[in-house]
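Below you'll find a set of structures to go through.
Shared between the two complexes below is subunit A, which pairs with subunit B and subunit C, respectively.
On to the complex of A and B.
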């Protein structure tokens, strides 16, 4: 109890409160701007922490992390340009809601779900950090491969309209992911001697092109034929009413559980958890009145809850084992070391107040996100009042800047342009851009873990089925893939019986 | 239908090229690395061709016409879109020649004008505001090394960011 009171004192004092406010808002802004990642936001804050006490530094960094994890949804909803990779799945239903004039509701849902996910993960972290870290460590190549396949299987729900074209889109995404140096034996693949291709084609640039630029192209050709007065409405953030939230409690909890579990697994990341949570939610609620991909509120709640639940989850192996599971937690771990803390098994023993301080910082930042997020998102919401020719060119310039600043490379801008034209054609011929991105994001994980496990198994693939966790996840993959066919068959039987 | 068939042919050619490259990847020295560097790409290439063939057969059967305004330069929408695509390409190419600030100052008003916006004063204010905001936020605040251009323009850019 003394430890908790000490942590309360460290977090709930005027200076900490200011740092949480500044950190959360800064994180939201950086997350919302494509090309500026959460890790960059934390890096930019690092110099300010040098002279702070460890408690204050932790409060600031955690607040930035929480804000950044939520900020990506703002541009995903308003501009169809995910500010962070974790916000990819938020575009699927967030942007259609904004197009229907429900941008305020969509942003409110994102903020509510992000806050819930953060608090949920903080509670889980406090209750079970050491135990969860041990479970996460048992993950090896077989489990990673199974997890990657589970992510890919989401294609059956995120692109349900035309499964064949969705399958080809995933395959094309996986093919693009193989460009660059093969990480197992260092062979150069499909790079044609071009240095910029050796590091591969990153999904951020493809995403900006295929989602944002392609959407602008589509809007330009429709501009003269549509009612352009619709976008002049004001965007006021509508937070979800408690009653409505209770009705969707299962989506919040299920997505948060997925987010925490995947967040804990090193290198799995928020983009995978948000895609899996979206896929699972769209599978289990496919009979909703509003279809997924057309502005279903659950399509925002699931990825945003999962994404922010990953924040607390990712901090577990970082603190307890000293293993940063993602680039963001790697930066946080470096920051901990700079301020004199050494993440690892002894950290919680030597610094008993630390876990409670992080827990309270997460809760404080989440509450601020819930109440203060209104203000920031409303400012971004004004963007929608712009006439489309201005909004479209703004999106293009921001997308170009995002692609360029990602690696400070002109070639990324060219890839963005190609992805933009490709995305436009994909849309015309009813191929699935989310499925392409899914393949591109998960390609590395699937190939590397598949080959590593085969190498570990002396050239056999038995390890995938002899390891219990891997087997369970693979059975889940089979279930997810077979479910649409099974439910269709059952539907036919029912109708023929009637 | 013709447009989609052409698209499918181009995708098919891309996959065949990918497959040829995948087959030419060197085999691995490690006997337990059964797949090697080319294993998964070969599987993906073959799978891609099979799925593409199935889609193409379906396109033949359905015979649904798909209109692509970008390639219909006779229509106003097509011309507007094609011009904007060309403008974006020019914007990209100019970035490394005249730098971020100048190329953005040129791109924003011309592109918006081609889309159909006809309020010069608002356009000028928008252009200057966006260019200034982006330069300050990305170039100065977040220290992103924005393209500077060449020659004198490069030297001048150091005075801004």
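On to the complex of A and C.
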């Protein structure tokens, strides 16, 4: 208890309150700008922490982390440009909802879900960090492979309209993910002697191109065919009633649980957990009045709860084992080292206050998001009132910025435009861009872990079924893939019985 | 009218300054210097570059901006520095990855032919260890087991055809046994694989290794160095050389500029970096990162010689592994 009170004093004082506000806002802005990732935001803050006490430094960095995890949804909802990879799934329903004129509601839901996910994961982290760290270690190559497959199987729910075209899109995504130096043998694949292809085609650039740039192309085309402005409907920034949100508590909790579990696993991250949470929610609420992909509120709650729940989740192995659970926590760990802390299994023994300080910083930042953020971020909704020529230019400018600043490379900008044209054609011919991105994100994980497990197993693939966790996940994959057929069959039987 | 006067005066001022600059070429640096880090933000090499540049900008008399160009496994950063003019305003941070790129012939820009060393600043020591419940108790156990069961032991590392791959295979070659190298995507997944029991042997640099030794999760077997390390927890760990295995490769970090940079400009950079290296603030950084255990400092000439020797070693091992591009 002493330790907790000590941490309380460190976190709740005027100076740290200022830092939380500044940090969260800075995180939101960086998160909202595609290409300026949360890890970059934390690196930009690092020089300021040199002169701070360790407690204050942690408060600031955690606030930036929470803000960044939430900020990505703003551009995802308003501009169909996920600001961070974690926000890909938020575009599926967030953007349609904003297009219906309910931008404020979509943003409010995203912020609420983000703060819920953060607090949920913070509590789980405080209660069970050492136990959860063991769970993280039970995930090895075999389990990563199974998890990657589970992520891929979500395609059945995120692109349910035309399963065949969705499957083709996933396969194309998987194929693109093989470009570059392969991660097991170091062989160049499909690089055609071009150095910029050696690192592969990253999903961030493709994502910006295929979502945002393609959307602009499409809108420009429609704009030319229509004389009036595109955004005729009024833009509402009304929030959803609190009571209505409470009714969907189950979605909040389920997505947060998924987010925490996937967050603690070192090689998986918020982008995978939000996709799986979205897939699972859309599967279990298939019969909602508003269809998924057309602005269903649960389609925003699920990915946003999940990706913010990953914040607390990813901090677990970082602190308990010294193994960062995500790229962002890797930077936070580096920051700890600069502050003078030694991350590793002994960190919590040597620094018992640390866990409580981080917990309180998370809760503090999340509460700020909930009470302040909802009202601030929904003001971003006004951006949709811009005439489309301006808005479209803005989106392309942001996309350029994002693609370039990702690795400070101009080649990424070229790839972004190619992806833009590709995404436009995909949309025209009703192929699924989300499915393609899913394949691109997971292709690497699936291939790498499959091949590693086979090396580890001395050339056999038995490990996938003899390891219990892997087997359970693989059975879940079978269930998810078989579910649509199964439910169709059940439906038929019912109707024939009646 | 006044505004125009101000503009004219300003223009004259700028013109004069430019003239003065032209007249005294050694008037370096007149603007911010760019430090190219051929890795992504947040890794050990990036953090080092940021800390070192902050200290040395004081002595250089100009701000140093760190630019991350992490694409194509350091090739993009190298090509970026190569395409900048040789005027000392672009400094490239390097690690063994760059000589490895040359040894594997994976870039058309030949690293040693296009860049001149400034200074090697620090060196890291690599250690091998096993998870705590492993039946292997010592290096002798390890070698005996590996000789009896070729390729059965799994050692992890980061990326194929990179430094960890070289160290694993180079050590095995020097000691006369074989094991399987399993490449991972990053340090965190690698550590998780060791702690979760997927890998038999763990390798890492001393700072990352220490935390797992202190907690008792990893049993250190050998230090890849000439002698034992002067660290209390590692004093009983034999060095590779004392065990008769002549293999001591570790990582290191240093700086180069493009070939053709004027000699006086190079000297200014070297002097500033030397002062930064001697600065107590930098010594503090080294202590924290445990990079002060082995002397890593090499001046420009020594650095060039060590690069030549390393490229030769890298070539030999990677040729054997079939990882050299024709």
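Assume the second predicted complex is superposed on the first by the 474 of 498 C-alpha atoms of A that agree within 3 Å, B and C clash if a C-alpha of one lies under 4 Å from a C-alpha of the other, contacts with A are read in each partner's own complex, and residues count from 1 in each chain.
Rule of thumb we're sticking to: a residue touches a chain if its C-beta (ideal position, glycine included) is under 8 Å from a C-beta of that chain, and two chains touch if they have at least 3 such contacts.
In this text, all values refer to a predicted model and were calculated from it rather than measured experimentally.
When both complexes are overlaid on chain A, the residue A:198 reaches subunit C alone and has no touch with subunit B.
Residue contacts after overlaying the shared chain place A:342 against subunit C, while subunit B stays out of touching range.
When both complexes are overlaid on chain A, the residue A:407 reaches subunit C alone and has no touch with subunit B. When the shared chain is aligned, subunit B and subunit C each come close enough to touch A:455. By the touch criterion defined above, A:40 lies against subunit B and subunit C together after alignment on the C-alpha atoms of chain A. Look at A:323: by the touch rule set out above, it reaches subunit C but stays clear of subunit B. Contacts of A:334 after superposition on the shared chain: subunit C is touched, whereas subunit B is not. In the superposition on chain A, A:141 makes contact with subunit C only, not with subunit B. Of the two partner chains placed by superposition, A:308 touches none, neither subunit B nor subunit C. Under the contact criterion defined above, the residues of subunit A that touch both subunit B in one complex and subunit C in the other are 40, 182, 184-185, 408, 455, 458. Considering their complex, residues 33, 35-36, 40, 44, 164-165, 167-168, 171-172, 174-175, 178, 182, 184-185, 187, 189-190, 213, 217, 220-225, 386-390, 392-394, 396-398, 400-401, 404-405, 408, 410, 413-414, 417, 420-421, 424-425, 428-429, 447, 450-451, 454-455, 457-459 of subunit A touch subunit B.
The touching residues of subunit B, counted against subunit A in their complex, run 3-4, 7, 11, 15, 18, 21-22, 25-26, 28-41, 44-45, 47-48, 51-52, 54-55, 58, 66, 68-70, 76-78, 80-81, 84-85, 88-89, 91-92, 95-96, 100, 104, 107-108, 111-113, 115-117, 122-123, 126, 130, 134, 137-138, 142, 144-147. On the side of subunit C, the complex with subunit A involves touching residues 40-44, 47, 50-51, 54, 67-73, 75-76, 79, 106-107, 152, 154, 159-161, 165, 180, 182-189, 191-193, 195-199, 208, 210-212, 214-215, 217, 288-289, 323, 325.
Considering their complex, residues 39-40, 43, 46-47, 136-141, 181-186, 188, 195-199, 266-267, 317, 321-325, 327, 330-331, 334, 337-338, 340, 342-347, 407-409, 411, 448, 452, 455-456, 458 of subunit A touch subunit C.
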